[in-house]
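Shared between the two complexes below is subunit A, which has subunit B as its partner in the first and subunit C in the second.
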Partner chain A sequence: MLFQPVPEISLYLAWTAAVVPLAAFGAILVFFRRLPKTAAAISVAAAAVSLICAVCLLVRHWNMDAPLQSAVTWMASGEFEIAVGVLLDPLSLVMLVIVASIAFLVQVYSLGYMAGDAGYGRYFGFMSLFSWAMFGLVLAPNIVQVFIFWELVGLSSYLLIGFWFEKFSATRAGKKAFIMTRAGDTLFFWGWLILLVWGGTLSILELNSGAHGLSSAMTTAAALLVFGGIMGKSAQFPLMTWLPDAMEGPTPVSALLHSATMVAAGVFLMARLFGFFSQSDLAMAAAMAVGTLSMLLSATMAMVSRDIKQVWAYSTISQLGFMIMALAAGGYAAGIFHLTTHAGFKALLFLCAGVLIHAHETNDMFELGRAGARRMKAAMVCMTAGALALAGIWPFSGFFSKEAVMGALAGADNRLWLFCGLAGVFLTAHYTFRLIFIILFPRTEAAGGPGARHGSVSANAVMYAVLGLLTVFTLAAGFFAQGFEDFIRIHGGHAQEGHLASLAHIASPVLAVAGIVAAWMQFGSNASDQVGFAEKIGPVGRLFARRWYLDHVYAWITGRLLDRGIAEGCRRFENKVIEGALTMITGGVVFFGRMAAGWQRAMIQPKLMAAFAVMFGLILILLVV
Partner chain B sequence: MQMHAAQFPFLSTILLICACGLALVLVLPKNSNAAVKWVSAACSAAALALSVFLFVAYDRGAGGMQFVERLDWIPSMGISYLNGIDGFAAPMLLLTGIVFFTGVVSMWELDYRVKEFFALFILLVLGVYGMFMALDLFFIFVWFDVSLLPMYLLIVIWGSSDREYGAMKLTLYLLAGSALILPGIIYLAAVSGLETFSVPALLENASFSGFEQKTAFLLFYIGFGILAGVWPFHSWSPTGHVAAPTAVSMLHAGVLMKIGAFGILRIGMFLCPAGWMYWSPLMAVLAVIGIVYGVMVGLRQTDLKFVIGYSSVSHMGIVGLGFATMTVDGVNGAVFQMFAHGIMTALFFSAVGHIYDRTHTREIGELGGLSAVMPAASSYFIIAALAGIGVPGLASFWAELLVFIAAFRVYPALAVISVGVLVVNALFMLRVVRNTCFGPLSPRWAHLKDMRFAMGIPRAVLAAAIVFFGLMPFLMYDLIQTASVPLIHSLGPAIGHAGPEIVETLLTKLMSVWP
Partner chain C sequence: MTDWILFIPELYTLAAAGVFFFFCLGRARPGRDYAAAMVLSAAGLVLTVCSAGFEGLIFEGVYRVDLYSQVFKVLIYSGFFLVVCLCADLSGVDETRHSEFYLLLCLCTLAMMLLASSVHLLTLYISLEISSYSLYVLVYLRRGSSQRVKPAFQYFVMGAAASAVMLFGFALVYGAFGSAHMAELMHQVPARIHEPLVFTGFVLSLSGFFFKLAVFPFHFWAPDAYEAAPHQVSAYIATASKVAAIAILVRMIALTGGQGDRVAWVLIFVSVASMTAGNLAALIQKDIKRLLAFSSVAHAGYVMIGILSANAMGYAGAVFYGLSLMVMKFVCFMVVVKASDGGRNIDTEALAGLHHRAPVLALALLLALFGLAGIPPTIGFTAKLLVFRAAMDQGLLWLVIVAMFNVVISLYYYLLVLKAAYYTESEGRPREVALSVPLKCLAGAMIFLMVAGGLWPGYMIVLAESMTAGLLP
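Coming up: the complex of A and B.
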């Protein structure tokens, strides 16, 4: 037996956590769209209920020894049935709490941030939809349920990224996010079709324990295809460029999207199917390569971006790359721990950025610095705390999780991954503090000016309270690393501590500090010109700034290949061949009709004569008979 | 096939309601527009209520043909008035009821030849209802033609751009279809040697040879397939949709195309299973071509209605693919897709019709930003687009899911292609949404008002149906199941499944090259 049934109370708690946001979404969209205050209250209340349920579940099952699962059949057809249910194990419990708490905090923050927006009610409705989708995904016991909510997560991020629909760029970014993740989802769909049709099971526990009928080659194929979905959702190479564009959405949305939900869903799925992925070395190697590549590429992009939100977006891709590297190296607990700490500090970074952007109405870090953003002390302190965590400095949470990741990488077969990881640590620290130093030490500062406007659109106390809570989490979370690992590791993989581990544990913080020092020399100290080393070499800077020309490739695929290539070809086929055939047929009919008509007219007299003759004959017969 | 006689002739009552509505509209004085509208609305509401009742009252445990009513019509030729519904027909009746009601209400603002419009519209629906419930080949054909002919007048008189061409093309195509169906019907009735046109009787007693089944199935497949928008016989449908007025487009794409698919199902697949089996690879290939082709051509269209018309071709391809798999899942998915696509496309045309009435243009390039002034109308449009993409929680998701699963079991390569096209489909729908509803508002449209509450009713009903069955697909599948399981079981275990062997050997070979 792979699992125990879920106790009744836990089942109710789990269902409540998942369904209440849906109810809130429905209620808001149908009844309260025009009543912003009520809508917000309902949505926040729903998030609070979910959070309470999630925490209760975690507390109840802190000492669980076997996964709990229960499901009901939602739809049956022939031999195939779709079950919806609940799977409770350390991973889903941890993820549930992360999602619920970040969703709650972000919604509370949004109360102030979005105040006065015309779509206030709609915004909170979509937020609830997002929470529902995420809870359904996290609790899913089988791949179909994962896939359903996976798509819903994509839908809600489409709606939220394009929330300001009057902005053309925002709707375009939403569309791009949807399409690119959808491209990954297609691979995922193929993958789970293989699992279902040839493997015969979609149950996560069965897949993880190897109880499926796939040969090793098909296991690899399915794992690679499922990983395709993860690449789309978690914005890994090459499906990564939607994420920086998604910054068009409201900042709290970015915070939610980047910390605990949308992009985390990909890594979550990889952790969820960790047992299955480990059955294929090739899939794990591919995941490792993709994670490493994404981590390094996005770090280089972050080094040259001037947009504060985009820097955090690139850093998200990069950190997700770290998580995938850790998982691919067999560091199950390390990957999830990094996911947890990252959720906290990335939400913090975005929400701080939101406060700054709100006050100064610009995303450009140089302008923010000039406008005197550093005078907003509380926000700057919180943001620096988040940045220290991102860079991996003791005692912030990022330090501990990054050490765990490095430990896992040290256990990998190939040393290349560890060195790439260490290079990533240096780059992370460098680009993070580039941003901090540029804002803190502007070259020229406008006196008064926009800084004075600060009072009018300032963040309220509740927003600061949220920032404070997240900062405390960022400071404290690291010290629970051991307890977290013991909890999560019950049935997961086990990272071997290789002989390189001690080297990695020393090198990683040293490199992080080195990155900060390098950033100080280029951007912080008075002698510096605030131009990064990448930007000094023109072509390299351009390459980084244009995202390694990935967008050009996509533009070519959709514009040239699809639009003006295949689609135009099909349209011409429709107009020329199908319509042409039709014209030919109708033309033929008309032609033969004309011919017959001409023949008719030509023979009119003989025919009339024949007709009269027949009639005459008939009358004659009638008379005679 | 089990037959359960009706206690009360509910099915004929639906036809009678429509007939009475038609008669009342005809006898009303010429200028009483409001009265005509109210009579039509009442008639459609009654028909809808009865359809919902039948959907609910159908006994899912018993299965088989229910509410059967029978009356000998021309005994000498074996023609009888035989009605009954099974798990396939009940959803179609519900669909017809919903689209009928919402169509009538969507045309509330019509003011040109109101009486004639509603009379023809009700006549059309009468034919559709009859077609879905008839079990006698003769009556199926009669109802089929009753539902086609009013279409010509409806498009020519009330249509918009290029209406004469559209109407003519549509009518000729569909008549060509019925020119194939009629020989098919006569052929089957003749070779059976039973002197009956009744489908259950033929099913029970006749034994058609393989050749007869193959011939007849091909006739039905092309004849009804023209109506179902099977590639390459689809080109009437986008043109027809564009030319038709709103309610007619709704009925047309929403219900009439389903008549085609339903005809293939009811006559072709029930009576000629060997033909079905023989032609199923062809059906699958044509269906997948339709799925890909519809999306691709749609991508280049600039007229909103053309866009939806081509997406319909693509979505009806999914129905064809489901039928071609010859599995319970495939047929279930296909029938659900018929329902889901009907509702979705009706909502689409309803929303577009509203936009067109206000802006007098359907050029995507000229629209934009409508969400700002018409939030309700745009929301319905967006819901329809999301359903078209196949977002979970909306009805078509479940249909597509099942069809793709079934197709992957039988035709893995074709399933892989059609799943792959989903990305392009999403691109295509979202592009339309972005260019019409989102973006900056053009000052030309700044004066527009959102729809009134009453005008929102039909759209709300359609959207609610999409969401309702999207959240509770089992309500529909439990019903369809009662018909599809016996149908597939009657085929015997003859269907071969394409196994994973080929793909697997290929992959193993590829793997062995890997270091």
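Coming up: the complex of A and C.
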């Protein structure tokens, strides 16, 4: 027996948590789109209900010893049945709480942030849709349900990234996010088709326990294809460039997107199918390579970006890369723990950035510094706390999770991954504090206080309360690392502590501090010129700033190869061959039609003769044959 | 002793015909005729529905009343009633001829009811002739058209020739078995169907039914007759008459007990030939009624697929197909009647902008044409699915593929009609299509029936299966 049935009360709680946001979405879009206050109240209330349910579930099942699952048949076709239901295990419970709390906090924050926006009601409707999609994904007991909500998550991200659709760049960013993730989703789709057709099961627990009929080669193929979907969703190399562009959405959306929902869904799926991925060494190695590459590439991009939100976006890709590296190295608990702490401090960083951007109406960190952003003390303190966590400094949560990740990497067979990871730690600390120092120590500073230039809405107390809560979480979460690990590691693999582990545990914080010091020398101290070492070397700086020319490669692929190559070839084939053949066929059909109809003009005698001839001829032929 | 109770619906219809006969004698009063026809046909429909449970043999065993015949009588009567519903605007027929029109319609219905119950070759022949004769005259009743003579005459000659061939076939069958009772034939035919005499006689006796159903090679009358007849008469031929033909054809083929491979080959040939000829010729038609006539020929071919499969699903499918054809064709003719001006024939272009002028009617037409083309979820899809399934069970996959090609061809001309109704805007001020409230309800009921037949056909299929259960050996 792989699982036990979910107790009834828990089942109700789980369904409530998932369905209430959907109800809110429906109610808002149908009835309350023109009533912004009501819409926001409904949405926040729904998020609160979900959060309460999620916490209750976590508390009830803190000591669970086997996964709980309940499902009802949704549709059946022959022997194949598609079920919908809930799967409760430590992973889904933790994820549920993360999603619910971040969604709730972000919505509360949005009450102030989005005030006065024309699409206030619509915004909260989409937020509820987003929460529903993510809850459905987290609770899914089989891949079909995962896939359905996976796509819904993609859809709601598209709607929210392109929320200010009157702005051309926003619609383009929304489209880009949607299409690039779809490229990965197509692979995912093929992957689960293989699981269905050859493996015969889509149940997550059965897949994880190896109870499927796939050969090892097929397992690898399916795992690689599913990982393709993860690459798209979690913005891993080479499908990574949509994420920085997705900054066109409102900042709270970015916070939600980057911490708990959209991009986290990819890592969540990898953790969800951890047992399945473990069955293929090749898939794990590929995941490790992709994670490492994405982590390093995006860290370099973050080193030269001037846009505060983009820096956080690159750092998200980079941290997701860390999580995938940890999972690929077998560090199940480490990966999920990093996902959890990252959700907290990344939401914090984005929401702080939102406060600054709102006050000064610019995304450029140099301008923010010049405009006197550092005088917004509360926001700056919170942001620095988040940045310390991101850089991995004790006692912030990022320190503990990064140590866990490094421990997992130290256990990997190939040492290269550990060294890449340590390099990543250095780069992370460097680019994070580059941003902090540039804002804190501007070279020239304009007069006037925060928000004095514009009549924009200043941050209100509720928004600061949200920031405070997240800061407390960032400070405290690390100390629950052991408890978290014990809870999550019920059926996950155990990362073996290699002899390199102690080295990694020491090297990681040292490198983090070194990164900060390097950033101080270049951006903080009075003697510095605030130009990073990457920017000093022209070609390298350009390479980083242009995102390693990835967008150019895409443009070449889509423009030259797809549009002018394949599509044009197909068009010519269509015009010449297919249309020509069709014209011939239809012409022939119409010709025969005229012939058949032409019979009608005949006199009655030939018609009768034909009728008799057919009847008697048929009889004769059949009697002879 | 004859149990006259079983014969009540037929007697009632005869009485109704008598009423119209007396109307013929007096002065022409179209309003009265219409009202009487509505009341009489509605009451008759109720009566046939009430008699659906009757069962028994009467008239020395030549007339069989069972679930099969009674349900078909309900269908035929529904066709009659629906056609009468369209007669509010009977401008295609001269006003002095209205009572004759109803009289002949009544007689034809009566004959078809007799046809559905006939289990003796002679009763069968007589009832077939009565129904055909009424129709010959009805086709000729079109007002003012100088073109009516030739089609009506062709129709008559074609029918007479088919009857002659059928009678010859009956004679051969009788000569072989010394009996014309279907109950006795049913026992003897399957074993001897391969004898040349029996085979020839059997196939020749099918001609009359081929003519009735407008199956190749006896389909030549259909387009001209449809075109020349008043709309209501065309509607009647396309609905009630086709249902009756299916009823008797299924009964005849069931005689072979599924043993007649050669008979099956004859049927396969005529089936493929009629659907191909019908669909191809329909492609280039402009006149909607001609188009519907050719489409009827094609659908006769599809029905034959179910019949020639000669298994439970095939017979049930054919019966279901009859029901679906009646509903869908009726909707098409309702549109023709409503969209035409003064009973004149119309081209497809005349439907331009129908969805503005009569949205309910346009929706009904959409569903009916989708159904005729076999697109789910409509009743026509279910019907096609049933007959195709039956053929697949008999290993006739290639026949189904041929039929699917035909379906694709047919989609073209059905969609052309739809394009006119939905996408073309009419030039100038088109005639208003005024739909009275009862007709709107009728269109709504048809829409419901077409969708219900696509989504929840279970009940109807079970009924069709229990009807045809007695026909199987």
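Points to keep in mind about this one:
Assume the second predicted complex is superposed on the first by the 556 of 625 C-alpha atoms of A that agree within 3 Å, B and C clash if a C-alpha of one lies under 4 Å from a C-alpha of the other, contacts with A are read in each partner's own complex, and residues count from 1 in each chain.
One rule holds in what follows: a residue touches a chain if its C-beta (ideal position, glycine included) is under 8 Å from a C-beta of that chain, and two chains touch if they have at least 3 such contacts.
What you see is a predicted model; the values in this text were computed from it and never measured.
When the two complexes are overlaid on their common chain A, residue A:F32 makes contact with neither subunit B nor subunit C.
Contact comparison for subunit A: of subunit B and subunit C, B touches the greater number of residues.
Shared-chain residue A:F268: touches no atom of subunit B or subunit C. Contacts of A:I619 after superposition on the shared chain: subunit C is touched, whereas subunit B is not. Of the two partner chains placed by the overlay, neither subunit B nor subunit C lies in contact with A:Y109. In the overlay built on the shared chain, the residue A:L282 is in contact with subunit B alone; subunit C does not reach it. Shared-chain residue A:E568: touches subunit B; no touch with subunit C.
Counting contacts as defined above, no subunit A residue meets subunit B in one complex and subunit C in the other. Those residues of subunit A whose C-beta lies close enough to touch subunit C in the complex are 589-590, 592-597, 599-600, 604, 607-608, 610-612, 614-615, 618-619, 622-623. Listing the residues of subunit A that touch subunit B in their complex gives 73-80, 147-149, 151-152, 155, 158, 162, 165-168, 171-172, 175, 178-179, 182-183, 186, 189-190, 193-194, 196-198, 215, 217-218, 220-221, 282, 558, 562-563, 566-571, 574, 578-579, 582, 586. Within the complex, the subunit B residues that touch subunit A are 169, 172, 232, 235, 293, 296-297, 299-301, 327-329, 332-333, 369, 371-372, 386, 391-393, 397-398, 402, 404-405, 408-409, 412, 415-416, 419-420, 422-424, 426-427, 430-431, 434, 437-441, 473-474, 477-478, 480-481, 484-485, 488, 500, 504, 507-508, 511, 514.
Across the complex, subunit A is touched by residues 153-154, 157-158, 161-162, 165, 196, 199-200, 203-204, 207, 216-218, 220, 223-224, 262, 265-266, 269-270, 273, 276-277, 280-285, 294, 409 of subunit C.
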